[in-house]
Amino acid sequence: MQFTAQQIGLLLNGTIEGDPLVPVNQLAKIEEAKPGSLSFLANPKYEQYLYTTEASVVIVNNNQVLAEPVKATLIRVENAYSAFTILLEKYNTLKLNKTGIEQPSFVHPSAQIGENVYIGAFAYIGQNAKIGNNSKIYPQVFIADDVAVGDNVTIFPGVKIYFDCKIGNNVIIHSGAIIGSDGFGFAPAADGTYTKISQIGNVIVEDDVEIGSNTTIDRATMGSTVIHKGAKLDNLLMIAHNVEIGANTVIAAQTGISGSTKIGDNCVLGGQVGIVGHISIARGSQLMAKSGINRNITEEGKKWGGIPFFTGYMENLRIEAAVTHLPAMEKRLVELEKIISELRKDVH
Amino acid sequence: MQFTAQQIGLLLNGTIEGDPLVPVNQLAKIEEAKPGSLSFLANPKYEQYLYTTEASVVIVNNNQVLAEPVKATLIRVENAYSAFTILLEKYNTLKLNKTGIEQPSFVHPSAQIGENVYIGAFAYIGQNAKIGNNSKIYPQVFIADDVAVGDNVTIFPGVKIYFDCKIGNNVIIHSGAIIGSDGFGFAPAADGTYTKISQIGNVIVEDDVEIGSNTTIDRATMGSTVIHKGAKLDNLLMIAHNVEIGANTVIAAQTGISGSTKIGDNCVLGGQVGIVGHISIARGSQLMAKSGINRNITEEGKKWGGIPFFTGYMENLRIEAAVTHLPAMEKRLVELEKIISELRKDVH
Amino acid sequence: MQFTAQQIGLLLNGTIEGDPLVPVNQLAKIEEAKPGSLSFLANPKYEQYLYTTEASVVIVNNNQVLAEPVKATLIRVENAYSAFTILLEKYNTLKLNKTGIEQPSFVHPSAQIGENVYIGAFAYIGQNAKIGNNSKIYPQVFIADDVAVGDNVTIFPGVKIYFDCKIGNNVIIHSGAIIGSDGFGFAPAADGTYTKISQIGNVIVEDDVEIGSNTTIDRATMGSTVIHKGAKLDNLLMIAHNVEIGANTVIAAQTGISGSTKIGDNCVLGGQVGIVGHISIARGSQLMAKSGINRNITEEGKKWGGIPFFTGYMENLRIEAAVTHLPAMEKRLVELEKIISELRKDVH
């Protein structure tokens, strides 16, 4: 895809300074841009790059003053950052503008398919499944029987959604994510073997959720595992059966949450965190990367961390610092013991 | 699927109290049940819910005494919990009762397919592969050349099994699990590059094993990586080349086991545990979540934990408590040093 | 596949001692070999097994002296270890010698497919995608629009590669790996919701890289996430947006690297390591398994470890030892406080 500065200026309702016919075919940061790139300058901290960049076109704020001559063609707009964001979105939309049903794909005759839908080759849509309007089901996706998918949903290649699960509107699910596999539930028998406990619940993913690649969300034993509206889940997470993730909660990669735990709204969890089952984490909590959380957090809006116990965030930083002093502390302790032993001899 | 209280009573050989024609279409916990739900009461602790539940039908023990009037239709049976478990299983069986070969699928002419098998659309069955009786191969599964799959096996959508691997009877493998990818073996060269060591072994999964979604089990360099009978593996595990997992051992999500390590029978491993290569963990060991295990465990049936070293479980709890006291301990140490320095002045 | 000792001797240009017609059909370690196995002896430490092995054929060095009679047929060669490695590779090549295009598969008419390529059933090759010569695209792989794949590349079943990504020559990607899913980038709004930041960069995987199963590598926000030449990545890694992994760097399973972090060349990272975003790790660094790295490492070629802070490797070992002494240290501190309190009474 190639555009001229003029075409982009028209799109953004901007003013051109320099050659309006210079072509661009990619978007890049101003400090990394090569010829043929379109870039932007919004943060004054980066102004120096405006005079040295190899970008062919740079979007700047209307009030940008030029301290030196600029080689690139400029497009002046009200807000350079927003204008660039609009271009990012347009680029992505162009790349992801699939529609129609590719063949071979498998759509059960009883499935209900909305309008303006994309169904990629080798995708599987089961019995009584429902796909909303404007949704995109990429190749090799599996949508089991009785699954409902909302409107404007994007499901990338290879996602698997087990039976009975519900996906809201405007949801994005990345490749390899597994929604609705069995919860990890077994009853121990006297002889040491385990009997599987049937997992007949489902997973409910509410509107505006994004789920990262290869994340797994297990179905509830009974009832539902729920990802509430606007939550954002990174790659390779483990969300166990009957967990609830609060609205607008953000969870970084490789974190695992054990069965029946409830994470409140507007929480932020770092990567590689582990949380035991059957506890609650209060709204607005922030958990440091790699933390091991094994108790309820009832106070809202605080930072926590530490492995495998947990303490307040600042207290944990103090503990971490003290841990690095430990070998020295141990030596000092031995030294004190010696001195005291001598002192006692002197005194008695 | 909708049933009346009467139909379910017949199935369970129970006695109806109340409207036998009330319909139910889902199973739910007594405290969460909505109208149209079938629930059960087994634990006396929950008896209060019997009088307040919105469930349409509740299964109770024959000897259940009613302290107050009950709105729901009751089904009296010998053992309410077992009766409900039977219904859970029947529900699951109905949901997973696929048979036949969907098209398009790829079955090599030399493959041997048992009786009463399900092969989903876009599944791939390689040369000389063998699928046992009553097994279900869901859509988009890949079964490589020379793989053998036993009887009554369920392989959920998107599982990939590399060549030469062997899967026993009654095994369940969840979506996205990868069985038999190459072990991570490279020989360093003098110039800093690495040469791949061919991985020609396989993976053997014995009877009654369950494997969670997106778990990876690497093939042995030579010989076999073995998951012994009745082991239960959760999601997102890493089982490296030449590892052995003992019979009836249970491993929680996101745990990783390095090459050639042997885990004994009847062990329980928490989530996010990491175990180094070439060690043995004794039968019946229990490893705390997030532990880092770097030495052999030779004593059977003990609890262990701690990161990244390890100690006995109780000792580790004491260490964790002491770690939280560290900043205070450090202050007390400074205080003692001051006092002692003054004492010495006084004494000498 | 069955061969005689004679056939293998010819292939390796070796000399036969014993029955040249004895058949073998598998490769095995000398200490585990069963009848019908071909094994080797290179390390003098294992010589004892030469006289007790059940292997039918053993490859030995030309200068191997026999202290006792040997039951197996011997093949004498210049270097037994190299000769065996050649056989391992040949075995693997036989197992993975697929060519041709299986049906049904989806190859966009605009895609460019090289010579001598394998495209498995249910694989998807997008618009303008390019597959180099001698490359193998296994079943159920997804290659998006505008992806370029080099020569001699092996992409195992179920790998998904998003649009615009570039894969070099001689690359191996294992099942379930996801290349180019969106970076985890969201802008917080005043009402607590998050707005997605479009991720329009790509992933570049250079020559000779191997990527393990179910590993995820996110595309850059802008620019490229880069895996440099010869890097080896194990299973279930998380490589975030705009990360760079240096040439010949080796990373063990379940490690996660946050956005924009640069790992130098020739590093070795253990399993379950977590690294924060926007830092640099110097060339040749070695990071202990489970480490949590939150600062730049600028010194080249050193070992580091510890959670969640980090220190030098030896210092960390000392800290770990001291941590196990903590409960005892705390008791000693209490004891000292008591003694000193008494001493003060005595002195004053």
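Each chain carries a letter (A, B and C) given by its place in the written order, and its residues are counted from 1.
Following the convention adopted for this analysis, a contact is a pair of C-beta atoms (placed from the backbone, for glycine too) under 8 Å apart; a residue touches a chain by one contact, two chains touch by 3 or more.
Model, not experiment: these values are computed from the prediction.
Remark: rotation between chain B and chain C after Cα superposition is 120° (nearest 5). Under half of the residue numbers at the interface between copies chain A and chain B are found on both sides, making the touching surfaces mostly different. Centre-to-centre spacing of chain A and chain B amounts to 25 Å, using the average Cα coordinate of each chain. Residues of chain A in contact with two or more other chains: 104, 122, 140, 158, 176, 214, 236, 254, 272, 307, 321, 323, 326, 329, 333, 336, 340, 343, 347. Within the complex formed with chain B, the residues of chain A that make contact are 104, 106, 122, 124, 140, 142, 144-145, 158, 160, 162-164, 176, 178, 181-182, 184, 186, 192-194, 196-200, 214, 216, 218, 222-223, 236, 238, 240, 254, 256, 258, 272, 274, 276, 292, 307-309, 311, 315, 318-319, 321-323, 325-326, 329, 332-333, 336, 339-340, 343, 346-347.
On the chain B side of its complex with chain A, the touching residues are 27-29, 32, 85, 88-89, 91-92, 95, 102, 104, 120-122, 138-140, 156-158, 172, 174-176, 208, 210, 212-214, 230, 232, 234-236, 247-248, 250, 252-254, 265-266, 271-272, 288-290, 305, 307, 320-321, 323-324, 326-327, 329-330, 333, 336-337, 340, 343-344, 347-348.
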